[in-house]
Structure formats: C-alpha cells, structure tokens
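After this come two complexes, each holding subunit A, first together with subunit B and then together with subunit C.
Up next, the complex of A and B:
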C-alpha cells in the first residue's frame, strides 16, 4: 500500500490543507480578475458554510476544531457560477460536506472529494445551472501548484499523470477534450478534484487505474457536447465510486502474488 | 401491551429505519405528503387485515405452501385496496400508479405475515400489523414532508415557501424530487436515531481485517 496517507498523517492534515489552500489562491485570483469581485460574497458564504459544518460535527464529537474545508470553499468559488444564489450555494455546501466527509468521520476517512460532491449536487438540484467555464489562465495558475504539491508530498502524481496520458489517448474520440476551453478544466480539475490526496486511490497501481478511468469517463460523458466543467465533475465523481474497489482489487492481487512466492 | 408494541414499532423496532423493510415503496411515493399519506393508509389497511386473516387460519395452512397462501391473501387484499382507491380517489391513485399494486411485493407485509402472524393469535397479530404500519407511515410522512417542502415549497399542496416563479424567493431543490433524496433523508434519519440510541446500532458484520487496517 502506498505510504501517501502515512506521509500526510506524518506531516499533519493541517499542513496539507495549508499548502493546498495556498496553491488555490492563484486560481482564485484568475476567477476574480475574469468575473469581477462578485465572486467574493460567494467565497465568503462558501467558506463560512463549509467550515461551520465541519466545526459543528467536530464540536458534537468533542474533537479538536479544524478548518480543512477551506480548500473545498476555494475550489467551489472557482467552479460554481458567480451568479448562483447564495442560499443555494450554502445549502448544497452543508449537505455536500456532510454527505462526503462528516458521515465517514471527517477528512481523511472517506473516499469522496467534498468539492466534487457539492458541485454535482448543485448541478443535479438546480437544473439549468452551468458550472463556471475555466480558461487557459486557470491552467497556467494551476501549473505551479503541481510542482509545489508534489514537492510537499501531498500530490498523488500517478493519478494525475495517468489522467493526462489518458486524456491524450482519448483525444479525437471526444469533442470536449479537443476544445481549447477544456484546458483550464483538465489541469485545474485534474490537480484539485481528481488528484485529491485523501480521495484518490491509496495503492500505486490503483492511482494509475483511477487516472485512466477518469480520462475515459471524461471522454465518454463529454461526447454529447456537455460543458467541460460539468463533465469533469461527473467523471471524477463516478471514478471516485470505483476507487475503493480498485484499491481492494490491487491489494487482493498483491496478496495472492505474495502467497505464491 | 398494545401501547408498548406500538411505541416500539415507532422508534426502537421501526420497520423502515431499524428493520430496513419497505424501503423501495418509501422512496417511490414520498415525493409529496399526500401520496405518502395515501400509501400509508393503503398499507395500514392491507397489513392489519392480512395479519388478522393469516393468523386466524394459521393452523390450517400446510407449512410447505404457506408462502403461496400468504401471498395469495395479501395480493387479494391489495387488489381490493387498489380498486377502492381507483373508485373513490382516482387522481391520487393515478399519482401512486403501480405502487399500491406493488404492496404485494412489499417485504414489510410478507415479513410480518411470516415472522409474526403465522405463529401468533389473532389479537396480537392485529396489533403487530397496526404497530408496524404506523411505524412505516411515520417514516413515510416524515420523508414526504422533507421532500415536498424542499422539492416543491409546499406541504399538502399548501404554500410553505413562496416560489420564485410566483414572485416569491424560493427555488425548488430539484434533487428532492428525485428518488435518491429519499435514501439521503432515510439515511440521515437512521443516522440521527442511532446517534441518539446507541443500543440500536448493530454489531459490525464484516469488519476490516487486521492487515487491512495497518498501513504497509
């Protein structure tokens, strides 16, 4: 089993949160410069509701207070449309953080990325809502994050690499991947949604399979011409459901090989 | 005795949240309170009557064909209920579509017939049927309330939140009209009940093995 979780545990969840949040700031900057300061109230509401949900559960469970979901709020401020009604964003954030993390005991215990779940909930709950389209600028702003997160040891880079290779392999099959606007989504989503250190596969081969599966699903789900951001959210969420199974399969195979040797 | 039965079936031994029976219909008909209430009444009628009938002829049913006999009795009752609904509440019966008919396959009805009515006297069987039906109804109405209020902004078709399309502020949460939301709501209910009542938590059936818990 990969030592990713051990490594993160060694450095502390707080460290991971801090690095990730810092690496999201350039992307947030791009969103503010592109859609104006209208995103700031949304960011405030998202941050408040995400952290309030997390803290409420930790208070009830008599655990030390944390604010890991600050990263969830940052990611969502970039993903959600700026004009979304604030109460919608808040309601779905509370529901999503509860469903994806708190049910399992908090960050690091579950297998879902809260931001992915919340974005999916918004799309399903309010038909007609289109997620924000990310630009090449978002891709550029995310590039340094790849390096920083990898150096900090909190990036499951195999998943990201397999996803990138998978996307290249699937190019031509899907309209979504070939359009230029998909770049921002692919890079940003690949790093912050798919390659989540907690939600990604915990075995090395599992991470590779996860990346490939996400790329294949992205190509197929986007084939109908749906917008790239929504397609990626769907692909990552669907992949996430299979990730524990992939890990389990890899572990079983490994155990059989060990037993034979 | 009767009151204790009923109280137990409402929370501690609730057919939906504790025995996890009748889930399929619970999610199908709980989009609005009106359909949930109709379904609850139909199920209560069927469950009480079937428990009484099966219990009263329990000594005359050969064990080898008891399931067939039970299903036949339940199916007959369901058909009667469905016909009555179609005659007197046609609109509602159209909204419930096949789900009244599907009470036949509702595991709750057959479950109580097999587990209780087929080996207990008529009186207790009637109470058992009523208690379980009330437990089912309670959950159905709760889920129906949550789903109708959040999904349509109404309760029993009365406005709770004024809709934006009618000049109000509320935009219905579309998720709540979809079947998965019933699972979410029931799941949250079970979670809340078991956090409050630790004694209702089952023992872990398939825990992780020691080597699965260790890291490397």
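Up next, the complex of A and C:
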C-alpha cells in the first residue's frame, strides 16, 4: 500500500486533479439521470469559464497552463440548479475562481475551495436561488471517491471523520440534520467541499476541529429551515475562514506546551 | 567503527568534555556504551527507531532543546574520533570511513577514504553489473538516499555514499528552489522529526515567511531534518536549501 501511495503521490497536483475529476463523474452521472440533459449546457459553461479564468491568469503570469478547475466545474454542475441562467453561472465562476484561487497564486496556494465560494456567491448574489438537492444516489456515487482519495493520500480523513461524528452528535441537539438533510448532501459535501486537501487544516488537531466546527455550524445555520445544500455550503465556507485561525491556535498551544516541558 | 579506531573515540569524547561547560551527550543505538558514562557531565543517550532517530536534530530536541541563549553544538562520531587521535598522537587525520550502498550498488561496502574523495572513482567497481552500459541513469550521492545530494566529491560531514538512478534524484527535486503548489498528502504530516507540523513549515519556507519559520522552531533544525520533506513533497522544492537560506537570514537579522 505504501509503495502504491508513493507512486500516486509522485504524480503531484495534476494527478490529484485527475483522480478527483474521475471520482466526480459518478455524481455527475446521477445528476444527469435525475435532471436530464439540461445540466450539460451548464456543465459546458462552468467548465469553459473556470478553465478559461485559470488559464488567463497563468498566461499573464507566464506559467505553464493547467486545468485544475475542471473539478470546480464538475462540483458546481452537481450543486447549482439546472435552471440557473448560464450568464449568472459563468460570471460567478469567473469571480469565484479569481477570488478563491487565482489571487493567491493558483490551486495549492489559497485556503478556500473554489466551488464553495462560487456556490455561496450564487446564493448571495441572486436571492431566491436554491442550490440543487442531493439525493441518496449522490451519496452512493461518492462512496468510491472516499476510497480512491484515501489511497491517493489526499483525503483529510480526520476532518471528514470529525464532521461525520459531529453530525451524529448534533442530531440530538438540532432538527436540521434529521429533518432536512439527505445523505447526499452530507456525504458529497463532506468529501468534495469540506475535505478538500487544499482548503483543510494543516495540523492533525486542526483538521478534527475543522470537522467538528463544520458539523456544529451546519446544524445551527439550518435551524431556520434553509435547504440542506445551501446550509452546508455556508457552513463549509465559514469553517474555511476559521481554519487558518484554528491551525494558528493549535501551533501556539503546541509551542507553549513545548516551552513548559 | 573499526575496532582499532575505537580507543580514539573515547579519547575524543573526553577531550570534548574538557571544552564543554555543560553536559555532553553521547548519542548511540541501544548497544554497549561507546564510552564511560560518568553520570555528571558525560552522559550516554540511546536512540532507536526510524530514520529520524539518527538525526542530530532529533537528539538535540529530545535531550536539550536549543534556545537563543542556550546554543547546542553537535560533533559527529568521525570528528570525535579525529579529535581523540589528534590530542593523543598530535596528528590530524583526514581520513573518514564511508558506507557505500544504494539501488545501483552491486554490493554494500565500507571504505576508509580522505575527506573530499572523488566519488566517481569510489563508486567504480561497486556498481551493479547489470547497469553497466547505461551511464546516464547512474547518479552518485554524497549522503544517504534521503538527504544526499549529487556530488563529484565527498562532502565534509557525509559518511554515506549512495549509488542511485538519475530518475529517483529528479523526483526528489534536490537543489530546486522552484516554488510550485504543495499538494498536502497525508504522508507529509509525519515527515518531520519530533512531531513538528510539516505543512505549516513547508508553506512558510516556500513563502519566505521568516517570522513563521522561526516560530515553528526551524532555528532548531538542520538540512537533514527536512530532507524527508523534499523527498515526499511533489512541489519540487528543496526544503534543505530553503531552510538554510532562512536560517542564514535569521542569523544575519540577529547579529
């Protein structure tokens, strides 16, 4: 197993993108089967605008061209409603990819998941827009991704595990999880939005706190009856903003413990 | 260590003990003590385990962490031996024992050679017979497979020579200051010794954030401590070189 991981890890960022994109295909298939081919023009617009934004920045910076945001487009094709105006999807994608990734230098340099930022921008910019409902079939389609990303070594499993345990714990305290949540939102959102290796905490304890915080926010933000997908996007975005602080707190505590020892 | 040289090691430890104001730790594997443990200034410390357990940075961190007011000096076993010989015989020895191995070595060997030896000449005859005729794939590292660097001559503090393939060296990105994105693989979390968080340090080093680098304890590390990062990380950065640059700048800022 370790040699397999070494082989996979040796491929770098491009291979991570490839594995993630491949693991999103079953979820896309579920969306197509449930929503029909109406999602295909949306997917084409999202993919074009996301990759064009990334490539434009890299061209200006005279860097090698990459297409890491193909995963962003795939996630958004599943999250956004199929009836959304294409110009809205394109504008928010350009803005979101720029704000969440490109101003930091590209994928791997920022601390936000581009798909989360774009989905949040759509909800905030166009009131009344509800994100797509994810079904149990999306959860089933995401299951292989957990295994594939874990083998590739790019799944922050502590964050995902803490999120799952946090959701179970919050079930008794808030009705959000039991009444409005489908498995699809928790599993798909947990794996592809929360457990993004580039937007997760960099310390072990930080990842655990990240998962717990996301679960708590998810439970309480949804208390007003908001749909589960929108609630999860908000919870993950808020959590991501706190992640650098969580890491900083963990490191500071660690230094103080070391100094006392 | 060759048996006839052993007496010089104990003499070297005694000489270092005379120079040191505080404790002198002799770090070794769990075996017979290499010198007398007098229980006061001179102490034996035993380490066992994976690669990190052999790093002097790990020893210092475990025994007496370095601070700004409490610097720690490390002397490797070959220099200790040379010091012992010098104070007892008055002659300086520039010869060192090196272990030669690696994927491309047909057999493992130990040789006593001068400091700065020609590695190409040293490697001749030890290379795998099956690899003759494919000279381009062969690289000689001064140092072990993790922290070694391609070199023509044996480096000052190296006691291992590794014969490896060129491809393995390219993957590790030694000597590279190119800043690519860091893919946060799970393997990176355990890549630093003594439980230090690797990813924050890697990001601070690549971003040249000296304040964070210092806060994360990098001033207590050496290139060998971060060698594993360069090997595991796919960004292509050489964290040993980045660390050295950061340490030099921090030292300059203090002075």
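Assume the second predicted complex is superposed on the first by the 247 of 261 C-alpha atoms of A that agree within 3 Å, B and C clash if a C-alpha of one lies under 4 Å from a C-alpha of the other, contacts with A are read in each partner's own complex, and residues count from 1 in each chain.
Rule of thumb we're sticking to: a contact is a pair of C-beta atoms (placed from the backbone, for glycine too) under 8 Å apart; a residue touches a chain by one contact, two chains touch by 3 or more.
For clarity, every value in this text was computed on a predicted model and none was experimentally measured.
In the superposition on chain A, A:190 makes contact with neither subunit B nor subunit C. Judged by the touch definition given at the top, the superposed model places A:88 against subunit B, while subunit C stays out of reach.
In the superposed pair of complexes, A:166 makes contact with neither subunit B nor subunit C.
Touch criterion not met for A:27: it reaches neither subunit B nor subunit C. In the overlay built on the shared chain, the residue A:211 is in contact with neither subunit B nor subunit C.
Of the two partner chains placed by superposition, only subunit B is touched by A:124; subunit C is not.
In the overlay built on the shared chain, the residue A:99 is in contact with subunit B alone; subunit C does not reach it. Set side by side, subunit B and subunit C differ in how many residues of subunit A they touch, and the one touching more is C.
5-6, 251 are the residues of subunit A that lie in the contact sets of both subunit B and subunit C, per the superposition on chain A.
For subunit A in complex with subunit B, the touching residues are 1, 3, 5-6, 85, 88, 91, 95, 99, 103, 121, 124-127, 251. Across the complex, subunit B meets subunit A through its residues 171, 173-176, 178, 184, 191, 212, 215-216. Within the complex formed with subunit A, the subunit C residues making contact are 65, 171, 180-187, 189, 197, 199-200, 203, 215-217, 232, 234-235. For subunit A in complex with subunit C, the touching residues are 5-6, 9-13, 16, 105-109, 153-157, 197-198, 200, 202-204, 247, 250-251, 254-255, 258.
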